[in-house]
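The structures come next, written out as structure tokens.
Both of the next two complexes hold chain A, though its partner changes from chain B to chain C.
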Partner chain A sequence: MNIGVFVCHCGSNIAGTVDTEAVAKAALEYREVVFATDAMYACSEPGQAGIVEAIGTYALDGVVVASCTPRMHEATFRRTLERAGLNRYMFEMANIREHVSWVGKDKAANTRKAAELVHMAVEKLRRNERLQAGEFDIAKRVMVIGGGVAGIQAALDCADGGLEVVLVEREPSIGGKMSKLDKTFPTVDCSSCILGPKMVDVAQHPNITLYALSEVDSVDGFVGNFNVTVRRKAAYVDWDACTGCGECAAKCPSKKTPDRFNEFIGLTTAINIPFPQAIPKKASINANACIKLTKGKCGACAKVCPTGAIRFDQKDELVTEKVGAIIAATGYDLFDFTKYGEYGGGRYPDVITAMQYERLLSASGPTEGHIRRPSDGAEPRDIVFIQCVGSRDKSIGRPYCTGFCCMYTAKQTILTKDHMPDSQSYVFYMDIRSPGKNYDEFTRRAMEEYGAKYIRGRVSAIQPKNGRYLVKGADTLLGRQVEIEADLVVLAVGAEAARGAGELAEKLRISYDPYGFFLEGHPKLKPVETNTAGVYLAGSCQGPKDIPSSVAQGGAAAAKALSLLSKDKLASDPQVSGVKLARCIGCGKCESVCPFGAIEMIEFRGMPKASIIETVCQGCGVCTAACPQGAAQLRHFTDNQILAEVNALCL
Partner chain B sequence: MSVTEGKELRIIGFLCNWCSYAGADTAGVGRFAQPTDLRIVRLPCTGRINPLFIVRAFMNGADGVLVSGCHPRDCHYSEGNFYARRRLETLKALLPVIGVDPGRFEYTWVSASEGQRWRSVVASFTEQVHALGSMPRFMSGTSLDLCLRPAVQPRVF
Partner chain C sequence: MASSLDELKTAIRKALPGLDVVIAWTAGPDALSHAPLFITEEADVARIEWDPRCSQNLAGYLPGLRGKKAGIVAKGCDVRSIVELLQEKLIDREDVVIFGLDCQGAVDARSARAALGSSRGVRDVAIDGASVCFSVNGEPRFFSPGEVLQSKCFGCAGADAGLCDHFAGERGLPPQFGNPPESTLERLEAMDMEERLRFWETQMSRCIRCYACRSACPLCVCQDHCAAQSREPHWVDQTDHPREKLMFQAIHALHTAGRCTECGECERACPMGLPVMTLKRALNRRIKDVFDYQAGIDPNQTPPLFEFREVETNIKEREW
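Let's turn to the complex of A and B:
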């Protein structure tokens, strides 16, 4: 075998702390290496041309590139090999940037390490086989998990592109956080007026199947052929029969049910339709509050329902959907501010979250758009807004900036002034972060036109005083303490990962960061992909986002799903397991450990043997490690290849 | 050029592609400086690891072996790291029997986002191995060597 080695400088990224020329020289000593050189940027057009040329000149059968992580450019160089007429699997990468030059300070040690990584790659490459990709059929359907604005956009774009879409929403209605907002920044247009039509489009689109009040129970399969089991939770109402007339809610005697949609400001009935624009507009029963379901008596709703849709005996139902791609758009939850003792820890009724304030501002909220204190229903005059509650605070494990709170606080001060011209808003802030089109102008307007007083500093305590609240804080610009008497305190709570995000990530086999937000494939170049093929991200599940970014990402995820499913067949990865029949003793260990059911036992000349279903195998190699005979071998990661790498290091 | 030139020891890392290898990349992107002793072998999954790879590494003179994969329940292949955990626990119990200090072997879970954690894992494991010094050579021709060597030979098909 003729092997060529190319050691990349990556500008000064590698060459700065690794003697690339010495690495190339050392590589010439390794077995079967006939050509070695260093290159400024191996991935660039001239760099790739150099590789193609060397393959021709030196009749190379295999190539090692020592550069960045294979997770970055393995695919790039494999294509280069194909252009030069080689099999794409006759290629190995030595990661001398992320694992060497960027983490080691000592140039001599780095150079030695780089040379050894190249040696390992060469020894592995010597045992590589020419693998050929196969093809498999795919389901041209996509599942969108989460019906907030990002999920709605993704679902509509996929459906318009001709894909069948299954939209799964945990709550009784789609709409997400945006449906709870009164107005949106920086245009102050009505949230439900711009979201409502999109929600209706979802309900009416012939390509969209909507499962509201449903959660993903389990996911198996792989790109092109996922089988997702959805748990349709019992609504205790037959939604096929329910017309959404609302008679049931009007007659329900259990009128003191906590109102989830209104962020627990105000009360609702046990059977209800969460809000007037709900999609689907169907009633559902809160089983914890329903008198019939808890005590066995009542049934008032069943008596008045004109279509007889009430089903007290309804059970959760499992449905399985086969889809080719999955878009996770599960959004975020709000930080629980009761962790902060200085803001009362939840003891003071008039210290509320910004989302609760949003419901007070909303015409469809519990106060019909009149701002009223939760404690006594009085109209507040002095309102203090506190920013960065659960953002940028290491002490509570939330070091990140949520990003949109500065903007929504500015919006709320403007709306406050609109609602109550005599009111005065005070904003305690750390920094104003308003990068976005017309965003900074908007915050300036809040201060200059609407007279919101911005105080740079933190609040140290909130104390009740004569039915009002004494807010004590610091003004760090003037260098003095401030005390403000307020009627209402609104906390700009930050975003945190949605409840259950980690469990969903585990079902989808995607990664998540320490805060529970899903991890994108690459922070810059793969912002909506994940490391699991066929699973995409949209909206705040990937990190806190405002509405325009969520919509943009929803569209981007849809474009990725559409391009994936635009083909009739997908190429299968040939890096899968294979069984040498001559060595297989038919013990069945591989079959029992395979996480994918990709191994079946067959009979071959009267003997039991294992056989790999190549389109199902995902290439984990668990069977290879389990096989007592070494008969099952994961291609491209065979025992011999891995041992060759170990030997290159140790012998 | 041998690793032992200077003061380095031979430490081999077996890392799964999806979490820990990416975590090591994240550490690189973050420029989190680490000791340079470690050499990483990239595998699809920790479930791919045959414990005999690790025995082989020690027999051939590795001073330390580090395995790292996805956190339990976060495996890209659903359950590969559970198999790994069982196999590696068994191996841990075996190592003293074959004369390898168990401190030379460690397995851990590092996710793709945990660059900082990867740095501290590498730093503390390297320190631990340095405290033990270089690995005494396996005596070739001893009964132990004769027992183990065939098990870790490359297979011929």
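Let's turn to the complex of A and C:
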């Protein structure tokens, strides 16, 4: 075998702390290395041309590139080899950047380590085989999990692009947080007016199947062929029969049910349609509040329903959908401010969250758009807004900035003035963060045109006083204490990962950060991909985002899914397990450990033997560790290849 | 023990017509350890021996007798090997008849020989509470259990009488000894890494690569197809170096991790007296910590390394 070694400088990234020339020289001593050189940027066009040329000149059968992590450029160099007529698996990469130059400053030690890593790569390459990829069919369907604005955008774009879409939303209606908002910054246009038509499009699109009140139960399979089992939770209403007329809700005697959609300000009925624009516009029963389901008597709704759609005996139903790609768009949830004692810990009725305030502002909200105090229904005059509640606070494990609270608080002060010209808004803030297009102008308008008084500082206590609230805080710009008497206090609660985000990530096998937000494939270059092929991210599930960014990412995720599924077949990875029949003793240990059920026991000349189903095998290697015989071997990572690397290092 | 032996013989006589073979112990060439006896006709039953010299674990013969109806005489510790074989579906429960016995401890022939000076003239061995009595040419010689018994007897939890089809003697009484002798594992744990490596280098340089340890192991399912001799994969090479010998021991230990019941056959078989079970004990200890699992206890349990769970019960990676 003729091996060529290319040691990359990566500018000064590697060459700064590794003597790349010495590494190339050392490589010439390794077995079967016939050519070794260093290169400024191996991945650049001239760098790759140099590799292609050397392959021709020295009749190389295999190439080692010592440079960055294979995650970065393995695919690049494999293509280079193919261009020069070599099999793409006759390539090894030694990571001398992340594993060497970036982690150590001692040049002599670094150079030694880099040479050793190259030696390992050479010894492995000497045992590489020319592997060929197979092909497999893919399902041209996409599942979108979460029907907020990001998920809606992704679903519509995929459906318009010709893919079948399954949209799974756990609430009874799609729309997410945006459907609860009154108006949106920075243009102050009505949220339902811009979101509503998109929701209707989802309902009407021939390519979209919507499962509301549903959650993902389990995910099997892999890119191109995921099998997702969805749990359709019991609505106690046959949605095929329900016309959304609302007769049932009008007659339901259980009228004191806390209203989830209205953020628990106001009450609703046990059977209800969450809001007038709900999609699907179907009634569902809250089982905890329903008199029939809790006490066995009532059934008023069943009596009035003109289509006889009520089903008190309905059960959860599991449906399995085969899809080629999955887009996670599960959004965020809001921080529970009762953790903070200084804001009353939830004991004061007129200390509310900004989302509750949105419901008070909304014409379809519990007060029909009149701002009223929850305690006594009186119209407030002095309103204090407190920003960064549950954001940028290490002490409660929320060190990050939610990013959109500065903007929505400014919006809410503007809307407050519009609703009640005699009112006065006060905003306690830490910094104003408004870097979007027309955003800074917007916050200025709130202060300058709408007269909101901005106070830079934190609030230390809220105390009830004669039916009002004394808000005590500091003005750090003026360096003095301030006390404001308020009728209503609105907390700009920050965003946290959606409830259950971690469990979903485990099912999807995607990574998530310590706060539960899903991790993108690369923070700069793969912002909508994940490290699991075929799973993409859209919207706030990846980190708090405002509507424009959520919509943009929804579209981007759709583009990724469309481009993946534009092919009819995907190339299968040949780096899978294989069983040598002659060595296999049929003990079945591999079969019992394989996490993917990729091994079946067969009979061969009357003996039990293991056999790998190559399209199902994920190449995890668990079976190769379990097999006492070494009969199960992972292609491209055989025991002999790994031992050769170990020996290169240790002997 | 005499009465248990009579009970045992009666039970075997009764069961023999329905069985192809019964494995028991009989007096062998070494006066300190009894040899296996394969009984196929009633006349053999009279030759059965039962005393503390029945140290060998006979369970290792069972996988080779698969397809036949086999009876086996088993001490409490031997039953654990049988359980493990059942768990791994290497034997079929309906083809095996287990004759359990009330064991009070088993002799470690190597240390007993050292203590006695020679094994010549030993006629009988009996355990009486705190001492072990060897009658040598008619003279009783007494030793403490720590001097002459197998170390596993000190941690013995008693026979699992539940699994036995027959039981001779009093059921499920474990031997009661204080003060187990210090184990090699404990000595190793007191050493630093360098010292441990030196310890193994010294020990392994004595290994003659006879693979008796492997052949004696009741759980070495591969036997003649052992990875130690394979070239594809080429895990161990022929260099006569402690490194390669220790590599084989590491492979053996890893292959038996969470399966090994610490029956001690590997060490009993080793002609060089190398402490090769220590590695297995060390791994078993980790398995116990991580999976709260001990090999060979419940035939219906799956050994932890033979199944894949996304979330392990005892490994709290995520809390919610």
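FYI, the second predicted complex is superposed on the first by the 651 of 651 C-alpha atoms of A that agree within 3 Å, B and C clash if a C-alpha of one lies under 4 Å from a C-alpha of the other, contacts with A are read in each partner's own complex, and residues count from 1 in each chain.
Rule of thumb we're sticking to: contacts are C-beta pairs under 8 Å (C-beta built on N, C-alpha and C of every residue); 3 or more make two chains touch, one makes a residue touch a chain.
This one's a predicted model, so the numbers in the text were calculated from it and none came from an experiment.
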Touching partner for A:P70 - first (chain B), second (chain C), both, neither: first
Greater chain A contact set [chain C / chain B]: B
First (chain B), second (chain C), both or neither touched by A:A250: neither
Which of chain B and chain C A:C587 touches, first, second, both or neither: second
Partner chain in contact with A:A59 - chain B first, chain C second, else both or neither: neither
Contacts of A:D106 with chain B and chain C, given as first, second, both or neither: first
Partner chain in contact with A:A571 - chain B first, chain C second, else both or neither: neither
Chain B versus chain C as contact partner of A:G630, first or second or both or neither: both
Contacts on chain A seen with chain B and repeated with chain C across the two complexes: 506, 580, 583, 593, 595, 622, 626, 630, 639-640, 643
Residue ranges of chain B touching chain A (in the complex, touch as defined): 1-3, 5-6, 8, 10, 12, 17-19, 21-22, 24-25, 27-29, 31-34, 36, 39-45, 47-50, 53, 56-57, 60-62, 70, 73-80, 83, 87, 111-114, 119, 152, 154-155, 157
Chain C to chain A touching residues, read off their complex: 88-90, 221-222, 225, 227, 230, 232-235, 255, 302, 305-308, 310-311, 318, 320
Touching residues (chain side chain A, partner chain C) in the complex: 502-503, 506, 580, 583, 585, 587-589, 592-595, 622, 626, 628-630, 633, 638-640, 643
Residues on chain A engaged by chain B in the complex (per definition of touch): 26, 69-71, 95, 97-100, 102-106, 108-110, 112-113, 115-117, 120, 505-506, 509, 511-514, 519, 531-532, 575, 580, 582-583, 593, 595-596, 618-622, 624-626, 630, 634, 637, 639-640, 642-647, 649-651
